[in-house]
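The two complexes that follow have subunit A in common; it is paired with subunit B in the first and with subunit C in the second.
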Partner chain A sequence: MLRRTRAGGSFIAVARGVAWRNLHNHFSHPMYFVPSLVFPLLFFTAFTGALGALTNVRGFDFEAGYEGFQYVFVLIQTAAFGGVFTGFAIARDFETGFARRLLLAAPNRKGIIAGYAIAALGRWVFTAVIVTGVAFAAGMTVPAGPGVLPLYALALLINGAGILFASGVAMRLRTVQAGPLMQTPVFLALFLAPVYVPLAVLEGWIHSIARYNPVTAFLEAGRGFLVGRPSGVGLAFGLAVALLLAFGVWALRGLRNAETSG
Partner chain B sequence: MREFTRQVSVLGRRSIVRTLRQPASIVPALLFPLILLAVNAGGLRSATDLEGFPSESFLDFALGFAFLQGAVFATVNCGTDLARDIQTGFLNRLALTPVRGVALILGQLAGVAALAVVQALVFLGAGLAAGASVRAGIAGALVLLILSFLVSVAFAGVGALLAVRTGSGEAIQGLFPLVFAGLFLSSMNMPRNLIEADWFRAIATINPVSYLIEGLRSLILEGWNALALLLSFGIVAALILVGIGGAILALRTRLARV
Partner chain C sequence: MGDRHGIEVSQLVREFPKGPRAIDGIDLQVAPGEVYGFLGPNGAGKSTTVLVLTTLLPPTSGTARVAGHDVVREGHLVRAAIGAALQEAALDPLLTAREHMRLQTTLHGLSRADRKRRGDELLERVGLVEAADRRVGGYSGGMKRRLDLGLALVHRPSILFLDEPTTGLDPQSRTALWDEVSRLTREDGVTVFLTTQYLEEADALAHRVGIIDRGRIVAEGTPRALKDEIGRPSVEVVPANDGDRDAVAAVLGKFGESVPGLNQSVAVRMRGGESELAEVVRALDAAGLSVAQLRLHAPTLDDVFLEKTGRSLEGATTELGEGTS
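Take a look at the complex of A and B:
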């Protein structure tokens, strides 16, 4: 029992230390946090500003306007990329040798992954607050009122899946040059979904892909939460939890890989 | 003059070899514009149903933007390479030789110029293979390639200017979001007359990037639009003057500093 308590204590101590260091590094270096903030704001501004006319397309019917429609996409995107960008930090820690020292010093190495996951969450919360503020300033309405809260729970799960996926890659390859391998699959999954118009309005090959893309389920459920008519909630949360579990195993195996690499 | 040509040729060869040896510079510069083109052409197809949209195919409409997005990579690649030369002391050692600043900048642009040729051919080839057509015909396609090449060189010149001024690769990478903002806050996804948000239309109208895209796009969608092409070539000339000219002037100070 005592042993279990100590193990639990070391897990928390390691997680807390890793999370604090990562958050401190992130927020004290503008070159790290500015891009992670600028890109979602840029997407939101550019899409809502330029593409508002798409609401006139036949079949496009969304109560919260184009701002709300894009807000859900950008929120999900920040959640996923919040995880991916933290994966970059892990790779950087391996390149500088810090991660190796961390592996030697940490009494509970699973705490390292937990620490990075907490940092990813902290980074996402910061970005999400700013993006939400900008969306409201741009005129977004939330017909669902407090009923929108499950959207944030869904985004939180996606953020967790994102960091676990990226940490699995980072711990296997242990170089910043692995960045495209973390970024590209997430980018493709996000953009091969109904980003600009609802699924029903999409046509051609992209519609065929979007139908089976898990991100479509996240966006459709998220947009449903925003307008107070949730649909496909079970599917979206089920997929998010499944991704979280699968990438959790992927990340833990990545950790083993890093441990055995010497 | 012969000595100057030799200097440009030696430094140019070095720049081209360095570019070819860095797949991380080449692959994203070729792949990302194509991915975004495919995604936008599919995802925004319904925009062609809007009244007044200038094309029945969003692929035709979006193809011009791929060339410009490729040019953004030129800015970052050229800037980062030159900044690395400053950081590693290569420029300091060059300052001890009779090499001229103009030769150094022109040579440095050779790698980006070579990549720009490949990019232009790949983007046009991929677009045509996917079903796009160039309304201005074969001559128009040639002008498209030339304009695209010049845009890349002009953007690379801006990258070189920033590199000489800051001397830091990280600073160049940090400017990437700003360059990207310049692209997104333009008429890249929608003709300016169909942008409903007044504030966004105003930004897109004063953003020179809009005119670069519209020049490239005009050859694909309209045929020969003298005004669009004149604006495009004019902006490219101004960028070359500011970027490359500014980099050469700034290099004098930096070479004198070492």
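Take a look at the complex of A and C:
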């Protein structure tokens, strides 16, 4: 007689199984693990090294230094792209047929999305801790205040939204060829924001776009946390939660689409 | 395993957008503990039927109950009661067999102690103990199939779906898998729904066979009953000279109706049964025709298929689309 856990074949059991497999594969295989760590570090060192002189631009006043200014962007970028890469993993599982194993074995299929999401969050936390360590080692200073923890909370929500957006795309198209559809919108949203200099310093069309880009709210709130003068926190968290909910519905409908497509 | 329901399907239809009806109103019943062989060529609708019955694809219309549960409204209960090894063994090449067991037992919510015990038990049962800690990316086709079968059994399903489980396997692996399927029904009382395009597989394993063609079941019964229905044997003659084919066909035509033969041969289903064989030989001799080979065939499931559809099962090709069969 087989005994089932309290979660027996439920949402939690399915989420646990899917998360375990994704985390196991990620941390056991350098081909997954290394790029996810190297790219954010490369961005961080390249931006801070090559563009550090931007702090001399009039109107650029950030107490945590250019390292801190870029750290916030890189952290949010890793959170958003962490979600996109989860979409790639889901699409790959559909393409190879492995997703059928999950759909067949999972009494509660919503647990599949949750499992991918938990794994993505786990991967992102690991990357974020390393990036934070490197930022401090590179000379980032954090004045007294809430520091990086609320920034982490905001980035977690962004990571979740990214996962759900990319999951929705992946489950509808079920091919890694959908990669550009997952990547491009996130890439555009990130880079049409005040990445290198504050919003006030931007001019022309990029300023107009950045003003209404939700990523700007994330960056400004995050940079505010870092220097102990949070601003626009409600807007940033509100937008992040709204995206999370909207993409949650998008992902669940994507799952329904995958369920009916065989 | 306490569930003693089988499979009940009524007027099941599955259409694909802009495509044909992959399943066109099939009815079937599989009793608990029975091995049901679903036989048909590529594209006949076998795999689509399995996808619907395993809740991987909703039907367009009709009803299907598996293990007593409706596949549309009670999909989660169906999935808890069934195991399935589909056409392509869906394995992660980066995981070992033991890790696959861990994943599958976790998905089914087995307790920690049972996860390990059941995983070890099944690895032994499918003969993968020695390879258990190797990544499955390096496994042979037969090993992957065996692992897939083992994974389908982790939660002791009452119904097992096997979609062309031996396609591409060497004879030894095929026989080993047949033995395991037989043991599952004999010792564990598992109901097996087996799709295959191999006649001998259906003959060897199935208690009953359903023959599907172009989405419709064209014949159903025990392999013996289906063959008895055809009844008459056929005689197949390969003339010594290629140019004698028409003359041989004319002689054989006196003994029965023409049926497809292999390559250079001429074949007829004998009206008078095998007792007329001596007459056939004498008629060929009297006509001065030299014969390279002469074979008498007892009725096979292929003959049943031929009788019901006008085509031979072996070599029949798909005309249906959507990448499923």
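By our rule, the second predicted complex is superposed on the first by the 248 of 262 C-alpha atoms of A that agree within 3 Å, B and C clash if a C-alpha of one lies under 4 Å from a C-alpha of the other, contacts with A are read in each partner's own complex, and residues count from 1 in each chain.
Note that contacts are C-beta pairs under 8 Å (C-beta built on N, C-alpha and C of every residue); 3 or more make two chains touch, one makes a residue touch a chain.
All values reported here derive from a predicted model rather than from experimental measurement.
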item: First, second, both or neither for A:21, with subunit B first and subunit C second; value: second
item: Partner chain(s) touched by A:13 [first = subunit B, second = subunit C, both, neither]; value: second
item: Touching both subunit C and subunit B, counted on subunit A across the two superposed complexes; value: none
item: In the complex with subunit A, residue positions of subunit B that touch it; value: 24, 27-28, 35-36, 39, 42-47, 49-50, 170, 173-174, 176-177, 180-181, 184-185, 187-190, 194-197, 199-200, 203-204
item: Subunit A to subunit B touching residues, read off their complex; value: 30-31, 34-35, 38-39, 42-43, 45-54, 56-60, 177, 180, 187-188, 191-192, 194-197, 201-207
item: Subunit A-touching residues of subunit C, taken from the complex the two chains share; value: 48, 51, 54-58, 76-77, 79-80, 84, 86, 88, 90-92, 94-95, 99, 102-104, 106-114, 118, 151, 155-156, 324
item: Touching residues on subunit A, where the partner in the complex is subunit C; value: 2-5, 7-10, 13-14, 16-18, 20-21, 24-25, 28-29, 96-108, 259-262
